[in-house]
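Next up, some structures in structure tokens.
Shared between the two complexes below is subunit A, which pairs with subunit B and subunit C, respectively.
Our next item is the complex of A and B:
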């Protein structure tokens, strides 16, 4: 299953514009499935088995997709899909390192901020915004 | 190519059926240990495992999950959630459900039915 997904990623071509919202929607689901099917190999590559479960990562992918659920412009959806595909390709081809994956998908965006100790509570909002804005 | 196709169409290789009787070492019972495709799942087992997968889904209230439950109508999930559940089921039963079938699976009943009828489910 995993190797099949990786091969599918390799052979991935940039699709043309979606003609309707329905088509774009179907593409999003296809992308989600492809991402889910490549999870086993991703967990192998980055040794994620002891930090996170596959279903947690699946939910992380879903929440990333859901973040853009308000978008109705098909061109924007296509662009987001392209970026997602690029990200997935980078992850599967090991162009990232373990802490990238952990920081971004295991801890999530709030992860670094949650880990602050109590004495950091008074730290400036500017820095917090900087961290969260600069983290992608 | 035409010649090859024509030849292939007419050649028949006689295949001998090597029944179990001809193999003295074959076990007499129907249990074949360590063979992968023989473990047909019983419907109850499939139902149990499907329900436990659905219950363990974070957004689902486990007490509301019954075999008849519809993902979107009864559990308040959206379409992305139901795809996520289908992917979780794929992982649990080590299947790969094709897109057309996966789109149809929108309730526990259908999922149990599909997986029970799938020859490779394990």
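Our next item is the complex of A and C:
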């Protein structure tokens, strides 16, 4: 399975510029499907079965994409797609190590601290910054 | 062939001198072969000389305007006061003269000859550092004669200097390296074997590679004149000349690290810094020292997240350009015993790492459970003004008023600023002619006397002029062991001149502890103007002549009541200065002692409109700011009834009387004494990692700047308290350091005028009468171990070595 995903990614061409927002949108969905299809091999390569499920990783990818949902410039979307494709290629070809994947996609940005409980919703920016670090 | 290449060939000068020699002869630069004195052919000074700025901000002070004389430096006329040397005149004119032995704060030796300049109508080049400037002198610093003289001197200096710059710690900041590049010849003529010199052991701080020494004698002069220890001296003559201790002895001065800075070569370097870093890799941060109340100006040199060394910064009013060994070498304490994560003590007595979120929730919950008057906050010795302000605001908002700074005693006087700062100012002490030191040990010196007597010995010894194989050897032996060695060593060869002066040797040996820089200032005054010094307190050892009046309050009473012979000395003095040690703050009869001192001040006319000689010498960096901010406990018994104690870096508080069920929060940067009793640890940043305001003992506000990032998950002190206040539901109204400062402005506006000394306005005459009785207990030494006074220095390995080696009892 792993070889198939790698081969599929190898055969992906860098697409030309998207002509319209619809085309860019379609490409994003294609990219998401490709990423989801490579998830089984990724879990296999990095031994992720005991830390995360496939659906969790899927939603991690989705949230990464949703983070840029406000972008409407097709050129920017193409650039982001290119970066995503590169990242996916690196992951699938085992250019990363297990802790990279766990740190970036399993725990997430503020996963390690997990200081923000619902209780803190009313707290000031100062306190939120204080929990995340000394320099703000 | 490109056009550019052709052009450059045309531009290049044609070789005029035909090569007559096949072998290259070793000569100096050809233009220096026949230097002609620049007297005759020089035309009159050109009028269109650009105006020059004096070097390094050199200021000329004319004590007597009619004594001004005019000299010409490279044709540029400068006005200088009479008595200045040629070198100083050149500095005023903006010309930097190369030098090795000359140092503006030391006496003039004139032995390196590097500062040779040409003076019109003088047959030879003159050593500018030793030659007084005369009216109308025409000094030429840039002529072939001067250049050749420097080149020759440089060649002689390099003759015996090893070629080990690649492994030398001075490399990159070496005067010899720089000046040989600028003024030296490009080749040497020395083909014989270089001499070598045995290295001397000067103790755990100064590393010696004596082969590199160029005999400038700066270190000898520094030790004798500034540090006041006759440990170093010059032995031998000619190529056998070397710097050393006369007998095998460590350098026992609390200022010994400064010889590292003044050594122009790599002969004396820092032992802890040896082979650790190169100076061009280091990032310098100009900041303030907090290990004592002087607030010496320092530069922290760091590489990445690590403090590599601490060097002094020039501040004429505070530390001139010296710092004490504690300041210089405490930095390795910043890397050891650090608290890097919030921790809670679990039921088995061990600390468990938790998140900031959880720890603040726990602390806030417990703080809200206890009664308001059972809450106590204590600021530590190293606290900055911002965090103390936040602590006071937080404790007050919790409903308690029991907040103070350690070292200020149970009932500090925070109302009259003149009662707790050094009113004369540190540099102002130079104007005093009589000093009375009460219960303070600015002073004291370690001497390695191991004799088992309990009284103090008066040893009679003198400046002994020894003629040792026709070498002049000026020695001054200070203690009995040395005396013994001196006899063993000198008797066969020398003639003695018998006692000229009395020197006291003291059995209770301690280093000059409380403020080495203030002590250096007093010593400078004693040397410069023969000021008289007397002290009341435990027997101590001074590096200048000093009279011991007594050990306790009864002597003070005698002087206050005019029964003591020293009274007349005070009243006859022009500018008498009384220095009271802050160790007295801890005494229960503090008010009575201070009122006795104030009586002395009143009778002796110590406080006048033009001179305020009443000084308190504080011990810790935080004390002055704490009193300015009003960190005064409501009751002196608050510890006994406390249920919630917030220690903000306070390690030396006596927690013996604290109830066992009290909850102790320790916020600080080192796992020191305070942590033993703590239930919760909140890691904070050290002075090298934060921006903080400190006020020194003379009332001068200064700020530290962060040199390195914080360790682990630590936070700045005031931020922790601000966050805790929000979790506890009593949110403090500031989010930035600027906002904290504007809060400080409403309490103590002087803490915002940085680098300015704010003198006290009112004098203590407004004080109410004191009814307290003085106890007869003698004054105790305030500091047991000079090298280890706070959490940083107690964590330092170098300071531990120093106290083991230099404080031998």
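To be clear about the criterion, the second predicted complex is superposed on the first by the 110 of 136 C-alpha atoms of A that agree within 3 Å, B and C clash if a C-alpha of one lies under 4 Å from a C-alpha of the other, contacts with A are read in each partner's own complex, and residues count from 1 in each chain.
As a working rule, a residue touches a chain if its C-beta (ideal position, glycine included) is under 8 Å from a C-beta of that chain, and two chains touch if they have at least 3 such contacts.
Computed from a prediction, not measured in an experiment: that's the story for all the values here.
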item	value
Subunit B versus subunit C as contact partner of A:126, first or second or both or neither	second
Subunit B versus subunit C as contact partner of A:96, first or second or both or neither	neither
Subunit B versus subunit C as contact partner of A:33, first or second or both or neither	first
Touching partner for A:65 - first (subunit B), second (subunit C), both, neither	first
Shared subunit A surface residues [contacts with subunit B and with subunit C]	none
Residues of subunit A defined as touching subunit B within the complex	1, 4, 29-30, 32-33, 36-37, 54-55, 58-59, 62, 65-66, 69
Residues of subunit A that touch subunit C when the two form their complex	113-117, 120, 123-127, 130-131, 134-135
Contact set on subunit B toward subunit A in their complex	56-58, 79-81, 83-84, 87-88, 90-91, 94, 96, 99, 102
Touching residues (chain side subunit C, partner subunit A) in the complex	355-357, 685, 709-710, 714-716, 719, 722-723, 726-727, 731, 735
